[in-house]
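Dumping the structure here so I can ask a few things about it.
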């Protein structure tokens, strides 16, 4: 990057930041703000999945299971034990992270399509439990009345999280923290190991990298973050039911990651935002909405399998000299 | 207690044979085109609807309806292969997974839009014949379904083993490039494979539509179970898939009968996870 | 000219595998292609067989342009390849492998004749005809692969590295077979890493390096060529 471009980049960043902070002013309608908050939740889900899929190269179709477990955990803990969101949020993350760790140790010996299908099964299993373990989860009827985050005092200012705009800012903070967290991981030695596993697992093992440890770590972190997103979701919508956390949702999130670009930091965010906002336009189509979604997915896979961000990167990055086969 | 046990075994075997029809088609597509087809459940569903409409609008008997459904679905599957799947043959598996998921969503919701969610039944006219032997009950319908599914599975096995096209299919599955070099038109083999998978799924759909019911969302759980079966039996291995299918049928039947009916759909998945714990190196020789 | 290739260029993704390769093969001759690993020899064969579509250039075989033809069309026209690494179908019997080799042939009588000829050329195959191809030794698999390619009744047979991994005594046998095939009227294109074998049996030869033809001429002359001797014959 030449010196000339630095201030330009900085300006772009400031502009984006200003835009992000100003969104509740520009789009004050509840409906629009809701879409933005959901985009934030999906951004976290997509980012966490991309750590596993894009960075470490392990295909998982079970992400919605962790999302759902986090939602249920936080909801149940806050309702049954009367704890505040600020506590149950972290408890949910810890709980789901532990489950993810255990499942990961079990399942990550598998590779490729077998892993994908097994994680898909796991997701279905969790859905079945959610639907049938009535005493705990209330079955298909779901859990209502999940409380908002309780008011708190920060620097002497009394703050409440009630309006959508307030949730939006909280969500923004959430996404920012996740981005920072993932950025630190991905540029560390842990991240290097994960990339090595993605590129060539056998080779990585022969160099001495504990590939299982890297994979399990990625799986645990991505699962825990999904659990946190679930907790946020539960206390935002105030109602959860099994129908939100099916394998369809897992695949939605996977599509966001692939659409936006798998192994970058901003690709998943781009994918999450696009694929949360665009379907809203499709609401006009009514019942055929999902049909259009399906067809769009087909067309997309055939035409642009590298993802939007990946395709953009390919265009922006200069091509190397044409190699002749060595 | 023992009669219930054997009754569930009988039911499980019949269910397993139907699963075998569905899973075999999926396994063939995977072995020959190296594509995971999540929309396979919709082939099953569309086939069931074709049979249903053949009976209600054309007034044909059950067996003719099934044949119409098989031929119809074979044709539709061929078109789908040409238009949707051909462009991504050879690409990484995740492409076909997502693409077929999109196809599955589109087809299932299209069916939902046109046919609405209410379950319907295929009347075979054979359900009223009841037989009992050794204290076990079975209807004429189930006997017919058992015989038909066994017949179709054997027909498929014979086809793959002894016919020219069947051998070509095996050749493509074992080494695609060598098959091309030998003058085998692999594009036609792809079409035939999809056609067969569609036909078998349609047959299974018709059978289930008669035994239980037909509705636009019936494809979803079935396709996941089929993936369990194919994973257990080994991708592309016919005998393995058949055994796995019957095993899953039995697990479902016995589990549903003796443990809990509500969790019936979960047992195959539990079994798979259990097996992975006990045999971590993978199963049945893999691909 | 039985086979005429003009300025053939081919890519694998962004990597250029062949760079303006031109070559000719007169009818009834044996033409060899030699070069190091990755020089483009197999890519060339795959282009000729229609498995790899060239980016540009033309291929004319027996008066017909085939560079955009489907593989099975090319086999029907009389151009057959015995690929690198044998690539027999391991879970099919020797007999089934041979039958599939004749997939492009419509008349069962002709298939039967060619089968007999294959068995007389390679008696070991007749002996093992019911065995699974995967259980054969390397040399036997090579014979099977050659026989399979011959089942299509080709006017031009291409062989990609038939000597790879074979004991010298088997390599001798393979060379004899190739000479017999040519004697029967089939044109042969032979790709080999074993340059000595390739040059001693061929009429004409081409040397490929990183996708380009760097040397060509009569095989006997190339055998005497200093550069060739240094780089490929280890002299």
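We call the chains A, B and C, going by the order they appear; numbering starts again at 1 in every chain.
Keep in mind that, in the parts below, a residue touches a chain if its C-beta (ideal position, glycine included) is under 8 Å from a C-beta of that chain, and two chains touch if they have at least 3 such contacts.
On a predicted model such as this, the values are computed, not experimentally measured, just so you know.
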Min distance from chain CA centroid to global CA centroid: chain B
Chain separated most widely from chain C, comparing mean CA positions: A
Whole-Å separation of chain centres (CA-atom averages), chain A against chain B: 33
Can you compute the centre-to-centre distance for chain B and chain C, using the mean CA position of each chain? Integer Å is fine. 42
If you average the CA atoms of chain A and of chain C, how far apart do the two points sit, in angstrom? 52
Two or more other chains touching the same residue: where does that happen in chain A? none
Chain B: which residues touch two or more other chains? none
Residues of chain A that touch chain B when the two form their complex: 59, 106-107, 109-110, 112-114, 116-118, 120-122, 124-125, 128-129, 132, 247-248, 251, 254-255, 258, 287-298, 300-302, 305
Of chain B, residues touching chain A in the complex: 36, 84, 87-88, 91, 93-95, 97-99, 101-107, 109-110, 112-113, 221, 224, 227-228, 231, 262-263, 265-266, 269-270, 272-273, 276-277, 280-282, 286
Mind listing the chain B positions that touch chain C in their complex? 164, 167-168, 170-171, 174-175, 177-187
Using the touch rule from the top, collect the residues of chain C that touch chain B in their complex. 49-51, 70-72, 75-76, 80-81, 83, 87-92, 96, 99-101, 103-104, 148-149, 152
